[in-house]
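A short worksheet on the structure shown next.
Order of writing sets the labels: A, B and C. Residues in every chain begin at 1.
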Amino acid sequence: MSLIDLANPTRFLALSARVLPWLAAATVILLTIGLYQSASAPDDYQQGATVKIMFIHVPNAWLSMFVWGVMSLASLGTLVWRHPLADVAAKAAAPIGASFTFLALLTGSLWGRPMWGTYWEWDARLTSVLILFLMYLGLMALWRAVEDPSRAARAAAVLTLVGALNLPIIKFSVDWWNTLHQPASVMRMGGSTLDKAFLVPLLVMAVAFTLLFVTLHLAAMRNEILRRRVRSLQMMQASQKAA
Amino acid sequence: MTALAALIRRDIRIALRVGGGALIGVLFFLTVVVLMPFAVGPDLALLSRLGPAILWLGALLASLLTLDRLFMADHEDGSLDLIAMSRTPLELACAAKALAHWLAAGLPLVVATPVLGLLLNLDMVATGAVALTLLAGTPALTFTGMIGAALAVTLHRGGLLMAVLVLPLSIPVLIFGVAASQAAIAGPLSFGAPFSILCALSLVSLVIGPFAAAASLKHGLD
Amino acid sequence: MNGLVQGQMQLTGRGVTCVRGGREVFSRLDFQAASGEAVAVVGRNGSGKTSLLRLLAGLLIPAGGTIVLDGGDADMTLPEQCHYLGHRDALKPALSVVENLSFWADFLGGERCDAAASLTTVGLDHAALLPAAFLSAGQRRRLSLARLLTVRRPVWLLDEPTNALDAAGQEMFGGLMRAHLARGGMIIAATHAPLGIDARELRIGGGV
């Protein structure tokens, strides 16, 4: 049993146990404020009440990319510094990122229904997010395919970084492909033209969702560390029997 | 340099000998293209409109599926250990292996394209355009796919998982490959713009692929 | 016989710890080997004999400790000065015997000897042009040994080298190892069976 591996995570467990309740409380408070403000925001003169989907959709879309960024940083930690917590962080983030991406897709298509008259449109942004979702699922499949986490960590880290390099290229290609096939994009809501009445709740929601991610991520990391400890203990038990 | 040349020569030789996979890729390509009319109907006008897309999809799948064992075979017989220990940087060795694979399995796809173009009712210009875009684009597929092949060694898993991981990464190549062929056939866009982006994608993957593959293989050899 | 090593070489491991798949294989292992010396690594199954050789070959990363080679070629890392003979023979069945051998000679580079002569030494000269697929397990092992002869490397890392070799083969191999040591080479072999030459014993993981 390698005690070196556990020294660092042990401190992490102690620290995160103290921080987690505060984070959770802050998340709940901000989410409440954000949801209240979103609900009381005025209807859009064109889109009516459906514009309120934006307050859920945009934070989810923002997090779908942010989480990949977090995973890329963690992957650098795995590949370059071989930090024991790095691959725990990367592994724990993947399902959460996939969930946010799925919610972004879901709310996007719900928003698209009244706008486009159909649930799915091969709109450039939605298509890019769909590909991102596929990549999250692939990454999760990779983590699940291999029993030994340290072996999977390296492969997942390489794939995450390659994905991070490729995502801008994919985004660019899909934009290009989209303009080739349907010149006029339906959704044209530049951030700069957004009214203040929309902007403030949107920002609050974005911060609240980011806090939600941090909370969930910390909790998931704790679970992952405990899961690995169980695994080590079981392996120790097995080797004692053999000896 | 002799080391890399030796590696390329060896891999091509193995691919072309009995039990090698070079021609299976072409056969798979042919089969996929032949299947298409059964799915969409034998309408020649429709087939010629879909032709470039069908050829590109077939080439994409064929080059990906033959890549599966790029590193796995060397891993299983212990060759990869010796390659990793040698004085040749692993990145260069990976690049050499991918190049050999492209020469043995990618290039035949390009050569087979004119024959398949006939089946899909493509005229000379269209066939030439598809073959040219495949020539420029298949290196990108090989060098992106090699990342998956290296992950397969680290993970001890190949096949479907690898395809799931790599296929999303090859979307840009597919977009610009088909777009360039379509542009040459019907317009209205110029052939040059998407084609040069396609070449750029190949060049980028030439750099990223070997580094990512080597990073995955290094210390993944236990 | 050309001089293989200029000076005396010394391989030292201090406090080497190996962790694989979250399991500690061995810890704080100290060992030493010098030019002209053979070390036989012994221990029960799963004690980490193969892992130790793979650590030396640079194929595994030690979880702790250091491995240093003094007196070798300063331009090259330890793995680049090692021959690793593992369980697997690194042979391609589709290539002929001589193609297999000359590929490794070309790829590994460095100081080399005549491939045909090494094939004669290991007793495979009659099969040089046959595909490696036709070789028996013992013959495949002999072909791997020919690789060690064709490309000169000062350190031999051998994992159960006598496996699959018959009595005559083991005798031939003993002679090869003695010649390698006489040239100032170094051998580290993991083995259950007697190695066939005088070797210092390094016991790992057996203390329980």
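One rule holds for everything that comes next: a residue touches a chain if its C-beta (ideal position, glycine included) is under 8 Å from a C-beta of that chain, and two chains touch if they have at least 3 such contacts.
Not measured: the values here are computed from a predicted model.
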| item | value |
| --- | --- |
| Contact-richer chain pair (by C-beta pairs counted) among A-C and A-B | A-B |
| By mean Cα position, the chain sitting nearest the middle | B |
| Farthest chain (mean CA position) relative to chain B | C |
| Chain B and chain C, separation of their C-alpha mean positions in angstrom | 37 |
| Between chain A and chain C, centroid-to-centroid distance (C-alpha), Å | 48 |
| Computed distance of Cα centres, chain B from chain A, in Å | 31 |
| Multi-chain contact sites of chain B, meaning residues that touch two or more partners | 219, 222 |
| Of all residues in chain A, the ones touching two or more other chains | 151 |
| Chain C residues within the chain A interface of the complex | 17, 19, 21-24, 46, 63-64, 208 |
| Touching residues (chain side chain B, partner chain C) in the complex | 2-3, 5-7, 9-10, 13-14, 17-20, 76-79, 81-88, 219, 221-222 |
| Chain A residues within the chain B interface of the complex | 79, 131, 134-135, 137-139, 141-142, 145-146, 151-152, 154-155, 158-159, 161-163, 165-166, 169-170, 172-174, 176-177, 180 |
| Contacting residues of chain A [partner chain C, same complex] | 1-2, 4-5, 148-151, 228, 231-232, 235, 239, 242-243 |
| For the chain C and chain B complex, residues of the former touching the latter | 20, 51, 54, 57-61, 76, 79-80, 82, 84, 86-95, 99, 103-104, 106-110 |
